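Next up, some structures in structure tokens.
Consider the two complexes below, in which chain A is the common component and chain B and chain C are the respective partners.
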Partner chain A sequence: MRRGPVTRILGEHPVGTAFVTPYVVFVAAVFAYPLGFAVYMSFHDYFFAAPGAIVDRPWVGFANYVTVLTDPAVQRSFLNVLIFLVINVPLTVILSLGLSTALNSAIRWRTFFRVSYYVPYVTASVAVVGVWLFLFSSNGLVNSILGPLAPDPSWLVNSKLAMPTVAFYVTWKQLGFFILLYLAALQNVGADLYEAASMDGAGRWQSFLNVTVPGVRPATTLVVLLATVTGANLFTEPYLLTGGGGPDGASASPVLIMYQKGIEQGNPDVGSAIGVLLVIGVLILALLERRFVGRED
Partner chain B sequence: MRLRFVALLIGAFVFLFPFYYMLIGSLQAEPDPSVSGSIPTGNVTLHNYSEINKAINLGKSLINSGIFTGGVILGTLIFGVLAGYALARLQFRGRAVVFNLMLLIQVVPFQLLTIPLYVMIVRSYGLADSYLGMILPFAINSTAVFVFRQYFLQLPAELFDAARIDGASELSILWRVAVPLVKPALLTGVLLTFIGPWNEFLWPFLITKQQTLQPLAVSLSNYLTTVSARAANPFGAVLAGACVLAAPAVALFVIFQRRFISSNISSGVKG
Partner chain C sequence: MKLQAGLLALVLAGSLAACGDSGGGSGDADAAAKATGPITIWYSNNAEEVAWGKQMVAAWNAAHADQKVTAQEIPTGKSSEEVIGAAITAGNAPCLIFNTSPASVSQFQKQGGLVALDSFSDGKSYIEDRSGDVAQQYKSSDGKYYQLPWKSNPVEIFYNKKAFAKAGIDTTNPPLKTYDEFLATSRKLVAAKAAKVAIYPAPSNEFYQSWFDFYPLYAAESGGKQLVEDGKSTFASDEGKRVATFWRTMYADKLASQEKYTGDAFVDGTAAMAVVGPWAIASYKGKVDWGVVPVPTSSGKPANEIHTFSDAKNVAMYSSCKNRGTAWDVLKFATSQEQDGKFLETTGQMPLRKDVATVFADYFTKNPDYKTFADQAARTVEVPNVPNSITIWQTFRDAYSKSVIFGQQDPGEALDGAAQKIDQLVKQS
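The block that comes next holds the complex of A and B.
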């Protein structure tokens, strides 16, 4: 077939450009532009003004970043999200890989198990938070079962336990999604590899370590990455579960502080600076994770 | 084998118990957090449901959730299918760029864009307290676009070549040939998309101050943080609202659970 100059420049089906245009406009308006706008605000003295009003919003360099980085509440929130990730990410990988491996074998009630693991993931956090508050309150069911072992002050109002409890909550809530990812990855680990391993006399545990774990490594990289992004996005849980990041900021997340400073207190420039720092932090973490989890041995 | 089964059983209990407890708690007149209270004996009432309905108008909140979710699903079905089809089946300049953009978006932490989006949508465009402002940031679900693309890719190329030789336009090929063949993908896409706005909290919370426009997730959380302290049985009412919020998503998922089998959603994730 002869390819004219138009085909060479626009491709064989130029109508494709028209088909993706609404989506590209959407991405530009809702992702790309706001991202640039956030960076812009973080370097200016930006404040809310009446629509259409012409106001001076001078360039302030790194002033907003200095404000943010020297603020103990912000420092605490970044530390909190690290505590969160240290608990949440390894726990998510271990539990979802373990449960999906068990689920992948021929076992009774597979559909029932799969559905029950997925139910928390499809349910609104606002709804589930209600029942967790009830379960983990001072005289709630969990403490009733623990009896004298119950922590004092109780889970969500204990400055040492609030963030770990939030991390456990999110692990529980999101696990179904990650089990699903691992189940997909497990379909790709060849049965011949397991046969070869058992010929070599490997037990079940050994073939899990030597065949399954390396076989699903790309999925593990993805799970770690997505769990990190979810952790960075944390807002609803500290806002509702621990009454706005309590006690005394011990479970405040960066997004919660960003909301309080940016919108409640009317400093979108400071809020944006927190957002930009958080994105940079996530990017660095993601690169590190790719390096250490995604490497081939 | 038995060990695995027991592990899975314990897992299922941990995952399902809070939901059982939610339902039980919503039906009890008096909150009973003791161990024996988790197995109710009598004392069952629907009073909590009328209590929460008085406080936040469940019907109106559900309609708001429905409009928010419906708008996002509609946008995703129309524009997402177009984009997914083009990415799978059409050769045009910039296709690789759009495809990579779609993948990149999956890892952008959306909450981080809330401040600029808030300034733009609420302050600049004056779309606070409107359905449009609620829907806009979610209007096309990128994961669904990805799912659509995967399904369109699996269709045989001869099908499209034949239709093109017959002189059909791409739009009519998409509408008459491709879409009828990927109906399961559309259902998967709709279910995936549904979870997002139905459960979303932060964005509608930021832009709706009028209670008459708030989706259920927002009005319930406002009740949770402010009003519940004054109610006679606060946990009962909260749990009743939680059941109403959870029920549609859980029901849809249980009915269509086959559509959530891993291979449908994460075919791009495999190693």
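The block that comes next holds the complex of A and C.
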């Protein structure tokens, strides 16, 4: 069959193509092009210059990557974010699945609880950070309750506890969003499955393990991926909660270091190299998670 | 901020620069230096400086209808320096910014964002006649002035008289001259529960925080040395190590806090002392009955020998400016003796003008609290005007934070390590 020139260019469904085009342009402009440009910067001695300024930005091969990979502060930040993810991702999955299951059952004050879990998610981090500083300072509420068991140095200035505290904070703050995802997924688990399990003699816990958990597996894959991606992008909390990644870089994240080097110190080439490595790292993690969490039985 | 947003910010700025590269140059510099016409300026968002800025602009515009100045506060961002850096890259920086941090000048210069004020026939002489010897600290490594030294906030020790009285310490002449005296006074204050901590310099890791703990005391102890001089770091010396050890004792004995504080610890009464310049006085009005003394030295040097950090903000002209002739005239008008006097009256900050104490003697007679800052203004130390300046300060802060604030390394060892790295950074320039 002969195809006209319009069909050749726009395909069989030109209206569909027209609908898709704005999003393609959006993705190209705000994601593909910036990512490509970041890769370009990371292979050059690049810095921002005024329009018209005559500057030399030579190709430097992997020099920026060598600088980044041999920098103890950068190494530490990648280790920190790994510690963060090891705590944050499983905790997010366990808490949001458990709480959403509880909220899905007919309990009193269900709407109140749903709103309560969602409020931290929609509240600006800057505002919530103030409350956590108050809670976790050496004379804060948490230490007052713990009394002699309170850690010294206190949570946010303790090099071993700072990153776990940040991980707990982020878990708590984002829980509402992940609970919503699970609540939506739970609506798709058929009541007949629970009935069948019950007839087979399964208790509540066994129903949860054998019906709920497999039933929401696609949501779990999504939650794990999203928690990993947002966790790897950690910036606001080390910037505000621990005063610039302190103590002694124990809570510095790669994005914080990227900001310091790329924006504050005027080395966007080095900042881009950190960004590219982070993107690669997150992609590898996401693939692994998809392979192990998202697998079909 | 998310990673994508970070990459995007980096890239958008980069793209703008890339677009600009093909723009074909900024035109004939000589012609631009003489061009007159309307210009735009930015000033700080500090209420007192805004008030001064508005009257200055009104006074200029009243006499120069054909060279109208449009002024606005610096757009908000994480810091003024980031906003200015982005504006340079985008090519939309104003002609003059009355809030240019000396630490960022080398970076802005590298970006091709600044106009050398020496390009005006009377540029160099105007700066040096107005500021005297102190102007030399503001020269860039190529020997030119890319900033006009405008105003300083000599950092001293403020103390809360009420807290001192509660601890039974003399409130008119408190023992704060030597490190031993300072430590003993601090211990008394905390023991008497006059305040939770004696002093509360921000313990966070931002590159500029060392300007308000280590650097003023180092300037005093070393007799006015900058962090880097003649292409080499100076702070890993006996003087630097004495300062670091002093602060380490303050933190180890819990006389200063390692924890971040939201708010003003001095105003809130959490700390009995503060290391700050006269700009803060306005915020203490009606809240703290304060006194002020110079920063301590190990041997208790007399006040007239003590140097301190200037905490200066300067004025720079940006290369996107078309009517540079007007911009230079406005710059001279805004830093004239008359406008400097108005600035001092409105803000309490010290114009970086030689003999400020005698030129504005009337003001200091009427406002004796400010006299000490005028005397101190003659002995201020600026951040070194070297390339990689911010990286150098971040490197220093990282070492200081690790050793002095958190005690995870010997302070002397940490300073030695930082000095090696900083010497490398200076060499790269």
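Observations on the structure shown:
The criterion applied here is as follows: the second predicted complex is superposed on the first by the 271 of 297 C-alpha atoms of A that agree within 3 Å, B and C clash if a C-alpha of one lies under 4 Å from a C-alpha of the other, contacts with A are read in each partner's own complex, and residues count from 1 in each chain.
Here is the rule we use: a contact is a pair of C-beta atoms (placed from the backbone, for glycine too) under 8 Å apart; a residue touches a chain by one contact, two chains touch by 3 or more.
Not measured: the values here are computed from a predicted model.
After superposition on chain A, the partners chain B and chain C are seen to clash. When the two complexes are overlaid on their common chain A, residue A:Gln206 makes contact with neither chain B nor chain C.
In the superposed model, A:Ile107 lies in contact with chain B only, and not with chain C.
In the superposed model, A:Leu278 lies in contact with both chain B and chain C. In the superposed pair of complexes, A:Gly243 makes contact with chain B and with chain C alike.
Contacts of A:Gly262 after superposition: both chain B and chain C are touched.
Using the contact criterion defined above for the overlaid structures, shared-chain residue A:Val119 touches chain B, although it does not reach chain C. One of chain B and chain C touches more residues of chain A, and that partner is B. Listed for chain C are the stretches 205-213, 259-267 or 295-303, of which 259-267 clashes with chain B, judged after superposition on chain A. Note: residues 30-31, 33-35, 37-38, 41, 46, 48-49, 51, 130, 133, 137, 139, 232-233, 235-236, 243, 255, 258-259, 262-263, 268, 271-272, 275, 278-279 of chain A belong to the chain B contact set and to the chain C contact set alike, using the contact criterion stated above.
Interface of chain C with chain A (complex): residues 1-4, 6-17, 19-21, 23-26, 79, 81-82, 85, 88-91, 93, 107, 110-113, 196, 202-207, 258-260, 262, 319-320, 388, 390-391, 394, 398, 401-402, 405-406, 408. On the chain A side of its complex with chain C, the touching residues are 30-31, 33-35, 37-38, 41, 46-55, 73, 130, 133, 137-139, 153-154, 156-157, 159, 230, 232-233, 235-236, 242-249, 255, 258-268, 271-272, 275, 278-279. Here chain B touches chain A in the complex through residues 1, 4-5, 7-8, 11-12, 14-16, 18-19, 21-22, 25, 31, 33-35, 37-38, 79-80, 82-83, 85-87, 90-95, 98, 101-102, 105, 107-120, 123-124, 126, 136-137, 139-140, 142, 145, 169-171, 195, 198-199, 201-202, 206, 217-218, 220-221, 224-225, 235, 238-239, 241-243, 245-246, 249-250, 252-254, 257, 260, 262-263, 265-267, 269-271, going by the rule given at the top.
Partner chain B is touched in their complex by these residues of chain A: 9-17, 19-20, 22-24, 26-27, 30-31, 33-35, 37-38, 41, 46, 48-49, 51, 98-99, 102-103, 105, 107-109, 111-135, 137, 139-141, 144-145, 172, 175-176, 180-181, 183-185, 187-188, 215-219, 222, 225-226, 229, 232-233, 235-236, 239-240, 243, 255, 258-259, 262-263, 268, 271-272, 275, 278-279, 282, 286.
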